[in-house]
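What follows is a set of structures for review.
Two complexes are shown next, each including chain A; its partner changes from chain B in the first to chain C in the second.
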Partner chain A sequence: MFDILSFLISWLPLFGIYAILSLCLNMEVGYAGMANFGLVAFYGIGAFVAGYTSITIFLTIYGYNYPIYSPEAIIAMGRVAGKTPWLNISVFILSLILAFLIAGLAGYLVSYPTLRVGPAFLGITILSFGEMLRVFMKHFAPTGGAYGMLGIPHPFAWIPDSAIKNTSFLILTLAILIGVLIYFELLANSPYGRVLKSIREDETASLCIGKPVPQIKARLLFVASGISGVAGALYAFYLGAVTPDMFITAVTFEVWSMVILGGRGNNFGALLGASVFSLLNRVTSILNFLFSDLPIDPNYFRWMITGALIVIILMYKPKGIIAEKPIKTEAWKIFGAYGETRRKLIAAILRIINYLKRAIYWLIGRETGYGPDIKGSKRE
Partner chain B sequence: MDPILRVQNVSKKFGGVEALKDVSLEVKRGSVTGLIGPNGSGKSTLFNVITGFYKPDFGSVYFEGKRIDGLNPDEVYNMGIARTFQTPRLFGPLTTLENMMLSPKGQKGESLLKAPLRKTWLNEEIQLANEVKNLLKEFDMDGLYKMFASDLSGGHVKMVETSKGILGRAKLILLDEPTAGVHYAVGKNLFEYINYLRKTYNLTFFIIEHRIDLLFDYVDYVYVLHMGRLLSEGTPEEVASDPKVIEAYIGGA
Partner chain C sequence: MTTELINTVWYACIYGLMAVPLTLSYRTSKVLNFAHGVYVTIGAYIPVLIAKGFGIKISPILAVSASFATGAIIAMASHTFVFSPLIKKKSTPVTLMIASMGLWIFIKYAFYAVLGTLQKAWMTPIFYTSPNLEIPRLISFMGMDIDAKLILIISLTAATFSLLAFFLTKTKVGMAIRAIADNPELAQITGISRDKTLLVTWAISGGVAAIGGFAWSLFAYVSPETGDNVILQVFACSVIGGLISLPITFVGSVIISSTENLLIVFLNRYLGVELSFRPFLSFFVLLLTILIRPPAGAGGGLPYRYRLRSIFRVFQREVKKNV
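Presenting the complex of A and B:
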């Protein structure tokens, strides 16, 4: 009844995409303190750019003259999508790059007029930008208006076996996620990460020690928005379709709750938050599917659980599950504190091994290994 | 000696309030210069004009012969002017080490492109950390490096804030009420420290202070602001005996 592998295949790509988003948001909110309430705008831009470029290139190369949202184009795409593996892959890569550049540029431009004022203005501006963009896309005919675009060519459409096809996409998504994670970890644990944190704490004081705050923020928004755009492009390829109404403001707040749950200012916290909420998303969808005669739709529970989790976390662990840590650079080595966590970790592992040993002795009934003599010898 | 900082005929209005009216003053290189005046006399506004937070409505500011009014605060810092605020502004959830490592200017690892390439900034980082370590050790604060700045005591916060200027290779340090909120003895210590820094690192200090008793023991020259105007100037003895200053402080008619 329950197939763990197909569950993983349905969960992990979603996890990967949301994890990339929450890493981006964590960079902006957790490190630099920029309240980005319009993450979904850049996510959506990425998805639309990817959909538009890939379908247009395919139709042009195969000589079809239909508008990209017409039913004929969708049928034609279904016919040609699996024919040329090299085209699929190269269109995919090109779409990701374009999604990065265009979403990044949008982030840079939107931020430009607002960075000199406080963080709240930035949040409201981007929030309304995202919402206006969605409404605009609903009425924008060249990308299909409210119906959006269908038939986006999957990068692995040429693999006949759908399990292998989906697994390949999953691996690709996770590879991109790991790349983003490594990049952000390197960024965060460098003097640059230190500057971002200083901006989060006190913009004025940061300006007073010679950090060009507006410039730093705009550039970070370029990078983080661009990577959100890449996540959007992955989502478009994953679903094979984009419509404007997939990019409602609630998506932004879902990513926000991931970052708040996992821990602001900690990339691994963002990963944890993304895994918890995307798992919740999948589980409730599956429950909905399995028990269709429930009095309440389990999907509604998802929002209740999300809200409850946020409240509990903010009450008992306001910094998130994995709290922020001082940035790791070689500066700590000079003070001789670099290996401290490693030493603690080794000590903890040794302690666990000791407990395990005692548990095993107790289980197999070896009296000599457990009892006062071992405690006595430990004290010496 | 030549002036390191020259303020010429600076005026600044906020709506109908004239915060500064035609203020001209000079800070001599290597001196400790004081700036006193009753509350609301425009001392902090003058600091904000010098460090680029406000653009003067009229007049100009020269630092080492170069005009600096109209520059942004970060550019002013990069020219060699560091400042502190009335309320200490360390970055609370960051450690003392991180706070101090932030102040050196033009670090390679602070650019978005070079930050992921550890090799490009590793040596610089180690060198700066060593410098921080020596500085902390010099003032018996080396145990504080991994404390969060929000947990530091008031006196230590002031010391760290002042030392940050040295790490930033500042030539002129503007201190806004360095001894506000600390005990007299700690304040005296702080001024000893300032005096020491001036001699060893060839710094110039420009200090706003309300504790005139403390200030006058350490400064070379004093300016008095009152209602946005320069009321008096001179050595501490001259200023202390100026009847206009006494009247402004005690509050004459």
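Presenting the complex of A and C:
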């Protein structure tokens, strides 16, 4: 029992973070048709911004003068982190907001040169942006270079019991996830969401109707990158450490595989994919921990499964597990939705009547003229 | 200064060998292949594996042909099993891109697993090595001692590109490839089989990329991340070529290698820019290319006007009014 609880505590925050990421990517790919291959850049920006701001604020308030990556600073952070609850919470909120703004701004700036050219160039440029940022951060001294930053203060570090501490962080993450999900559902079912779908289907046509396609895409990229930055900040607080090598390109592909598995253009599909792949992630890391002498590293197997799944789903089930559903417009709510339920209800009633009729005829011993049980009937 | 010049030449050759096949495969099959880096990695590893497996010194000719064959086989397999069925289903370019990405992840980590097993079986370090080549260290040429590997790389690049140019312009298969690249429907009407032509194209692009990997392994250590470490610059070279022109792609590789090796040194010496800004420079060149010379329509996009251009036009109009 305890094991299941601790497993849930270690899995669910990861699920929440990956679910936020895959919702953002689903907005960009499933709705607007933008091939964003550099999601990890904005995720990493959020994580680094959160780590840097929180450590800097703590060190300045408590009057330490160490550079933030030095061992003295890490020791000092460990001493100081649990002292003042209000400071922890407010620094947490402030760094989430900063992560949103800075990552969103980066997304907006990257969108300017890239959105006007085709999907191939967009993919190349954003992918290069992510890789370049990672290589740069590895050599950038003020954030600790390749070693990154350690000792990021947990928002609930002032709770002595670690189980309660982790559970409250988990609840916070899931609350943010639900907020993001509601926001994206509203966005997808608004007129703006319909414009996004029109852009995905035919860019030229929506340009001809008079929709400012680059602007709409840029705005979406701002929002989605900002929210992935928030996910990055949550990840930084979850782990308590940030290094550049956590944000390799393969992370982007993991999120992509979540979106493709669940179904593009469907927020709940993204949630399903995120739960499957984050579970896979946890299970392989537990396997790695338990059996350290396996002939082949289970992480390689996880990535191989990820890659193979992408290709197999694209070839045999390109719509994903949960296929795309019609947008809930006002007209659909009035006519489509209730009309559909009524039709389903009538069909069900008719089917029941049919079965009853057949049963009665079978009891009497009379031929019904339809159904699989009659051989040599008039139809043949 | 000599070191930087030699590095420039070396990187230009390597980027050329890697970027030109990328452009060729995109232009012919309209698949932006993210798995390109994997062909490079495998091409770099094959001579190492042969030399370690048999415990011999490998001759350059054998190494090049083995690399080419392996890269070609893997590229052909990826066409047959992934891209060809997807193209037959009329998938969008974005879908093809995602499929190539999945292929990248799959092959990369499968290769990691193979290497890990081999390392345990052979009991030798395999993740950071270089091939054991059968060539002299220095060659005296017109009274100067020149590094033999540099000469090998330059002659390899020259030979590969001249063969490629001859193949694409003079032979029938090469002309079929160009016809498919320009207008697939029209080419198919004249009786060219699209699938077979694409298979040949993939073989060539995978093989040449693998030769690029071998050229990389002559000067630097080989690791499973080799292809991914250079893929940014390779993409930048291909974007300079607009993903269409092979010669301009090579020019792009010269530009990128000189920015990376010469410009950063100048900036460091005279403006005090740190050497860690090196990746920014190639990214900056990439962005500048897209802004100045937008590859309209080539990547399947719309030729939207940039705001810079419209500002320039307004400025022109104002000048005309005033004059």
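Keep this in mind: the second predicted complex is superposed on the first by the 326 of 380 C-alpha atoms of A that agree within 3 Å, B and C clash if a C-alpha of one lies under 4 Å from a C-alpha of the other, contacts with A are read in each partner's own complex, and residues count from 1 in each chain.
We take it that a residue touches a chain if its C-beta (ideal position, glycine included) is under 8 Å from a C-beta of that chain, and two chains touch if they have at least 3 such contacts.
No experiment lies behind these values; they were computed from the predicted model shown.
For the composite obtained by overlaying on chain A, chain B and chain C can both be accommodated side by side without a clash. Taking chain B and chain C in turn and counting the residues of chain A each one touches, the greater count comes from C. Shared-chain residue A:P326: touches chain B; no touch with chain C.
In the superposition on chain A, A:D245 makes contact with neither chain B nor chain C.
Once the two complexes are laid over each other on the shared chain, residue contacts for A:T204 go to chain B and to chain C alike.
After overlaying the two complexes on the shared chain, residue contacts for A:E72 are found with neither chain B nor chain C.
When the shared chain is aligned, chain B comes close enough to touch A:V223, but chain C does not. Put simply, the nearest alpha carbons of chain B and chain C end up 8 Å apart when the two models share chain A. Residues 204, 207, 213 of chain A lie in contact with chain B in one complex and with chain C in the other.
Across the complex, chain A is touched by residues 26, 32, 34, 82, 85-86, 89, 91, 93-95, 97-99, 101-110, 112-113, 116-117, 120, 228, 231-232, 235-236, 238-239, 243, 274-277, 279-280, 282-283, 286-287, 290-291, 294-304, 306 of chain C.
The touching residues of chain A, when paired with chain B in their complex, are 183, 186-187, 190-195, 197-198, 201-202, 204-213, 216, 219-220, 223, 324, 326-327, 329-335, 337. The residues of chain A lying in touch with chain C in their complex are 29, 33, 35, 37, 113-125, 127-129, 131-132, 135-136, 139-140, 203-204, 207, 213-214, 249-250, 253, 256-257, 260, 295-297, 300-301, 303-304, 306-311, 314-315, 318. Residues 51, 72-75, 77-78, 82-83, 85, 89-95, 97-98, 101-103, 105-112, 115-116, 118, 121-122, 125-126, 128-130, 132-133, 145-146, 164, 168 of chain B touch chain A in their complex.
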